[in-house]
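Questions regarding the structure given below will be posed in turn.
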Amino acid sequence: MTLQTKLSKGDLVVLVEMNTPKGVDISDLVTNARHLKSRIDAVVIPDMDNGVMHMSALAGGAIMRQQGMEPMIHIYGRDRNRMALQGDMLAAHVLGIHNLLVVQGENIAHGDHQNAKPVDDLNELDLLVMVHSLLKGTDLAGFELKGKPEFFTGYQVQPIQDDDHLEEEIKTTKAKVDAGAQYIMVPPVFDIDYYIQILNKFKSLNVPVIATVFMLKNVGMARYISINDPGSKLPESLITRIRKAKDRETECIRIAGEMIKELKSQVAGIKISASGWEDRLPAILDCAGL
Amino acid sequence: MENFEPEIVAFCCHYCAYTAADMAGSKRIAYPPNVKIIRVPCTGKVDAIHIMKAFEKGADGVYVAGCLEGDCHFKNGNTRAKYRVEQVQKYLTDLGWEKDRVAMINMSAGMGEFFASTALEFTQNIKQLGPSPIKHFNTDGHQTAVS
Amino acid sequence: MQKLKNIQHDKSNDRSVLVIGGGVGGIRAALDLAESRRNVILIDKSYSIGGLMTQLDRTFPTNNCDLCTVSPHLSENTRQIHLDLQPMTQLEELTGEAGNFTATLVTEPRYIDINKCTACGECHKYFPEAVRFTPGLDPRAPTCMRYPQATPYAFSIDMEKVTDIKALQKACKADAIIPDDVQKKTTVEAASVILSVGAKLFDPAVLDNFGGGLFDNVVTGLEYERIMSASGPFQGDLVRVSDKKRPKKVAWIQCVGSRGINKADVPYCSGVCCMYALKEAIVTKERFAESIETTIFYMDMRTYGKDYELYYNRAKNDYGIRMIRCRPHSIVEDYKTKDLSITYAVEEEALTKTEEFDMVVLSTGFRVGQTSIDLMARLGIQLNPHNFAETDHFNSVKTSRPGVYVCGVIESPKDIPETMVQASAAASMAATDLPAITDIPEIENDFMPERDVSKEEPRIGVFICDCGLEIGGVVDVDKMVEFAETRAHVVVSQAVGYGCSSDSMSMIEASVKTNNLNRVVIGGCSPRTHETKFQDLMRRTGLNKYLVEIVNLRDQNTWAHMGQPKEALDKAYKLLGIGINGVRKSRSLTDQTLPMNQNALVVGGGVTGMTAALQLARQGIKVYLVERNPGLGGLAKSIRKTIEGDDVGPFMNQLIDDVSAHENVQVLTRSIIVDHSGIPGRFKTGIQTGPRMNYMQLDHGVTVLATGALPNRPDVYGLGTHDNIIDQLELDAVIEDNPEKIKAVNNVVMIQCAGSREPDNPNCSRICCQAAMKNALRIKAINPDAQIFILYRDIRTYGFQEDYYREARNLDVKFIRFSADNKPEVKIENDRVSVFVDDIILGRKIQIETNCLALSTGMIADDENTEDLSMMFHLPRTQDHYFLEDHVKLRPVDMSVRGIFIAGTVHSPKTIQESITQAHAAAGRAQTLLAKKEINLGAAVAKVDGSKCAACLICVRACPFSIPFINEDGYSQIDPAKCQGCGVCAADCPAKAIQLLAYEDDQIMAKLDGLFGGIN
Amino acid sequence: MITAEQKPLKEIIEYISPYDRILLVGCNECVTVCAAGGRKEVGLLASALNLHSLKQGRTIDIKEITLERQCDPEYVEELVSEIDRADAILSMACGCGVQTIAERYKEKPVFPAVNTKFMGASQSQGIWVERCQGCGDCLLGITGGICPVARCSKHLLNGPCGGTSDGKCEIAPDVDCAWCLIWERLKALGMEKRYEEIMEAKDFRPAGGGGPRKIIREDLSL
Amino acid sequence: MKTQSRLEKVLASGALAVTSEVGPPRGAIPEKVKEKASLIKDHVDAINVTDNQTAMVRMSSWAAGVIIKQMGLDPILQMVTRDRNRLAMQSDIIGAYSMGINTMMCLSGDHVKFGDHPMANGVFDLDSIQLVQAVRKMRDEGKFQGGADIKSPPKMFIGAAANPFADPFELRVMRLAKKIKAGADFIQTQCIFNLDKFEKYMEMVCDRGLDEQVHLLAGITPMKSAGMARYMKNKVPGMDVPDDVIKRMEGVSKEEQPEEGIKIAIESIERLKKVKGVHGFHIMAIEWEEKVPQIVEKAGLFPRPVV
């Protein structure tokens, strides 16, 4: 069953995020994927996430396909112009990658190639328009394509900073849905009750809402997020809980698992991001009872 | 029984307990000389057989001393050692021995005082328990292992 | 017999660093450089190196005898390739410039060929007069060693005092006397110079009121050390000089010759005397008798170092050492009994008292001798007003002459750990004038080929140290020797004195050869400290280094059981039994090696981290600088001025620019460490980096932790409740940014130790007293009419900071002392802040209304962060959550996990300059590891016997590092290059098919047999 | 593999108490892999027995030997050189090994030191689970690779009983319901239809109902 | 008519059948059987006689069945495959039939672990479906399992059990189909508390047309207390007691709880009467047989038809 049909049937979908390597050694990527094969519905492959140069998501998606798994790749306008993007989309279809997630590319200044020149030929809305056009068999210049690609396209909501921003973000997201986004992915919030409130608001857009569970790894990381990303509402009690744990890593896995448990009845799908600790994903799934 | 001086073997891991023992020495903290240390790289190396053989050869008590839980230099050698000590305790119980003749103790390299106080405590416990059941008092008051 | 090896200078790296002074500082600097494969010439005017520290009895806080901890550093074979030791040598002239100096050296005649001398001591039997052994106490032989592990291990002769040269030559069986030895002059090329000549101790003889030099039972601190020392004049017995009787009452008088009260005094604080007086008092009680009464007369107790306050508290509370805050006026000797009476004023009661003592120790401090002043003139470096070497305010080892660096007491008064830090820092700085470390090729060690002993019957040699009195003073070494003789296969059994001294080492080496030994047991101290040294010895004899077993007779026997000599002897027999049986089963093993990763990870982007990163980067090392905040700078960025008056801002901006611009530094801000694995030289650390927490793994060979401490914000004295109640850091900013506001203040009150020296933060924050002086003086400069009150417990302006304290007093800053149990009170009424304090001198409570109350809140460890890091990196911490270094005296920046170093305030509170010095030191120590191209993993790896293996997979699953796998032959295989050597698989293997080399089961069984008297 | 578990020490001690010289024989096959009777367990048991006898004030002579495989006469033959010096044999092999020894050395008493448990697989380190009962007529091909004979508490062949909850068997919450597993597997394989076929009553002759079983390979036998 | 079974006749008449059960005593006390049976004799069409229920040793079900038969009532012989192999079971069947017992239930039985003989070996030579098949073969083909002919084969009306609530739910209907395919004439279900789920189940049953092929009797158990409800939910395997039922029981005072339990049972029957495919009720009043008449009456199932 593809992701799309499963979502349309109302079944819970479980996605995990896996980064392509910075380099050509794909052994970890493949091994981690294999360990999850029967347990998840799709693998989300970010494309040079956070502005850090990695192997392209297109290749990552193709590798997942080779492993018999369903890929979903990020697309955004920072690094490629409309030519490159359309070309890559056609390639994606041919390589068996049919799930797209339109994201906003991280500011170049935050990445590892700070001197690079951002392209920004198309914005997120343009991208959705572009995908829509390709689906219809026409490229952005109006020329007809030989063979139409098929895509299931979603939109990645920006991290919510506060209630005002939430309202604004719902508006922009609605525009994306109107432009053809078929599902939306909501970034992580650590206060579950608050997260559920947010998710419920997005549900009003009438497309499947996928929540994100982001794995904390230690106190330092939790502290960093609580200070630097107040919108993610990381409660002090969570930091205390990790500090008090005898085995902090296991506790972090448990926390992620519990979040998934709480969220799974509330949303159409859950994406788990272990951010480099993909080898711990099976343990998180165990804890989540998935 | 009063002048019974037990023979105690302590299997100490190099990184924590052995260093703690050195630390106790360098701080001149006295503890009973009954404790004799055999150094191992990690308590995970200590096999149940080593403990059993120590008893067989005449030990009145044996303890395995490793790093604090969660702090093992080799990730989890000390927790494995703990299970092995429990295994030996079960054996001893089955044999009708006191299971407290063997123990697992955790400490960090800096805990010289703790090393000394546990050595004292363990020695006192073994004194309470008396000589190993395989030892028999000769008329001159000396104990010998029958072997 | 140890020879001084002729240096074969590496051609491509032929520029050396000249280190002047062979005290601990000079030795540390020289060894750091040599270990980093830099060529070093170490000169010392004395006939053997070691300096002051080797004369000390024990050092705090561990109260160890540190001879043995220093000595392993002195004779490691492998280092000699790069280290050229020239005793009895002085610098005459230094020309040229940084990178290209020419030094003229003069070596005095020794009259003994050190390559022939066996240090047998025959010569001194015949000519016992003339040369002084210990300052002031011990007139001894003309050919005399200063301490038993002297390096080089050879006598020297003071030819002027020799009457009959022929007779002397005759006495020497080794034919080592060179009567016509002459002074030699040489020139050497040096890229840089490190000056580490230390300082002299003040001679109290000039003070008539303390009878120094006149009264037998008044001694200086150092003399007291010598009296207690096992190698001292009374063989380690504490007795009075006058009647050789054990004293019952000993007093210490602090600040003798320091802190400028008398005419002969120097104005500065000598920094170390408070700690050594406490140590001597504790050791007196600990080693000699609880009942000896110990009293310390002091002005301010300056226990400002790491955990020193705890040591002070122990002295007071656990040992009952009496503390009297008073400067005694004089000492009077009873001419008959030679007892001493001290007259002193009791502060609280305003009366004087006279009390009798058996012995009085004068805590004398440092001063720079004329020879050092002359030497510094020859080096062309500037002196400060106190005749110490003037250094850069942001780099304490950098002198006024580029390329010349200093370390140790010649820079400023300091204790051993600080000297060690500065030595490593100086070495690191000196290396910057040499080619980058990454450009130096590696030279192979060439030991003789190993002998195959597998077919031989065991022939065991047992060598037992007495370690001065440390072992021999508790148990009878001869009896142990006899015991060992009776064991099977023991061919040789003998006592060797200090086994780690070079003569004993040579003797053992010779014995191995003449007796054709194939296994060796050393009964001595802990293998943790000395195993390598004896393993090197084995290699020199052509034996595999795993054929030696060290029996821990000292640390785990005589030290712990000194009160039970009989039981300790019995235990010694058993420990020897374990060792002998164990070595019998030892096998020759090969060490595993892996290539070194030459990147460095520096955690923390404050002043310390940046300095360390830059220093490493300049040596060609790729550095990852990880900082959790969005920008670099850390706490130092919020400081405006140093006490010396330097602007911190421009300095920091320059540093940030340099770091950001350096091609070898990869700055990773907004980065959090989340995992860590690997072994020293091949670490792998995972970080989350950037605003979106991108995960990244860094490969690196070493780690420098410089994550700093936090400014303390305790909830005391109304801090945070009123605009006029601020901390010193805020005051610093106000003074700089808003002088108008300062002009408007009338009464300024500062309260010291706010939140420090308290149960929940027991140590001294070190920086607050100088911060108070700094800010007080600046306020006075802006607003001379301002009244300033500093409420304190002890003023701890150590070293030259005392100058600022004196200046503050001169400017009429009021100092009011309070005690921990009677603290000032702050009241806010009608928005006005008042401080109430009991004035001890006035004997009443006074009220000061203030419009500026500055609290000296100091620092507190970043518990949450160090806890996280300590778990990931497996590092110990102190009780108050700072990182705990490997050895508090001798390895102050090394952590117990090799390859991890700490610097800055994550170690303990310190000033910017001190942090920078430690950063350089950490970078220098890191280079000693990075200079190697290979990592030695040791030989303790698991080995599978395929014929026994049942391929059950238990090892595959049990291994914490996932190393074993089932190979195509169907049995488990363990890659020795990956095996970490924990032995979990060996213990779990149900088929007993796995053995951990060096800890095989048969060896452990044999050890058990040895313990219980059986033979195996 | 065949799994086993050491007998209670008390029982072993009772067996061997009349004897002074014991030959303690381990096996390097299944019982090593399930950590019941390999070299290590042999060593531990020997040590425990020694401790026991020393406590009684007597010494026993325990000779430890671990054979490659105790169920093959050729390996068992290796005991010949030791057998005369033993009063009794204590075997840590499965029942097959014990019987092979008993058959070869008829003059010596042979005692089992382990309880032979079942044919199982290792689930994770230190945990072994039953997977096969050797019924002689393998059904796995039609049950999705999961055996209802070995893994259903009631050996049901036609589906789960009414006691299943949450996919677990009624006998204990940690026991998976074999039929739930079979069903999931059949679904995954698209073989749901298989389930609807009634499995006829099982012929128990190949399972041992017809007496001790034997395999004869004429092409191999000599 | 396949058999002489009264139950078959009632069902064939199109009336809603009512059965209940009697657990034989743990001792040779025939009076006890009689006493229990007479409590319900007028209110049910047939009486299940349990076979070592909950794996506890009791008087054998066919002996107790004979006692009931001798009272002129109609016993349903329960037989579990746990305690007997195929020889014993076939011999008991022809024995029982010879004593006039013509209706039986084929079950696998609770696991021995739960009973008073946990050390016993469960036989399970056949499973319940295979037993249904075996009885049908005896009746319709006149053959024993071994293939030999039966002289005068037993004509048993064959029942089997169904639990609509055990896992996996989707298998429940298929399993029912299997039992029907094997030869089950009627089905008695596990106690039904979750009516919604049961209705869904019945829909699936009807979708497959199984209601045409078998007579399904819905299981009803009156609860004595909220405690019992909780116990059933938590401790009895394969039981589905929804929270609102427990809440309802808890909502009344302890004294009123038995009455509430009976009320629930009656309401359930009323509701289930309307469900397509439900051909009757099997009332399991565990150790509470005296309440069966009341339930039957209040549920409008009294009097019983005469056939």
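For clarity, chains are labelled A, B, C, D and E in written order, and residue numbers in each chain start from 1.
The rule is short, and it goes like this: a residue touches a chain if its C-beta (ideal position, glycine included) is under 8 Å from a C-beta of that chain, and two chains touch if they have at least 3 such contacts.
Everything numeric in this text was worked out from a predicted model, so none of it was measured.
S.K.: Could you set chain D aside, keep the rest fixed, and say what connected groups are left?
M.R.: A, B, C | E
S.K.: Could you work out how many touching-chain steps separate chain A from chain D at minimum?
M.R.: 2
S.K.: Contact counts by the stated rule: is the higher one at C-D or A-C?
M.R.: When the contacts at C-D and A-C are counted, A-C has more.
S.K.: Identify the chain whose mean C-alpha position lies nearest to the mean of all protein C-alpha atoms shown.
M.R.: Most central by this criterion: B.
S.K.: Nearest whole angstrom, what separates the Cα centre of chain A from the Cα centre of chain C?
M.R.: 52
S.K.: Taking each chain's centre as the mean of its CA atoms, how far is chain B from chain D in angstrom?
M.R.: Comparing mean C-alpha positions, chain D is 36 Å from chain B.
S.K.: Can you check how far apart chain C and chain E are, centre to centre, with Cα atoms defining each centre and the answer in Å?
M.R.: 86
S.K.: Can you work out the whole-Å distance between the CA centroids of chain A and chain B?
M.R.: Averaging C-alpha atoms per chain gives centres 54 Å apart.
S.K.: Give the residues of chain B touching no fewer than two other chains, as numbers and ranges.
M.R.: Where chain B meets two or more other chains at a single residue, that happens at 47, 49, 53, 70, 145, 147.
S.K.: Considering chain C alone, which of its residues make contact with at least two other chains?
M.R.: 871, 958
S.K.: Can you name every pair of chains that touch?
M.R.: Those chain pairs which touch are A-B, A-C, B-C, B-D, C-D, D-E.
S.K.: For chain C, which residues are in contact with chain A within the complex?
M.R.: Interface residues on the chain C side: 628, 670, 672-675, 686, 688, 690-697, 864-865, 867-869, 871-872.
S.K.: Using the touch rule from the top, collect the residues of chain B that touch chain C in their complex.
M.R.: For this pair, the touching residues of chain B are 5, 7, 9, 14-15, 18-19, 21-31, 33, 36-42, 44-47, 49-50, 53-54, 57-59, 70-71, 73-77, 80, 84, 108-110, 116, 145, 147.
S.K.: Give the list of chain A residues in touch with chain B in this complex.
M.R.: 246-247
S.K.: Note which residues of chain B are touching chain A in the complex, please.
M.R.: Chain B residues touching chain A: 69-70.
S.K.: Flag every residue of chain A that touches chain C in the complex, lowest number first.
M.R.: Its residues touching chain C are 19, 22, 49-52, 106, 110-111, 217-221, 223-225, 228, 243, 248, 275-277.
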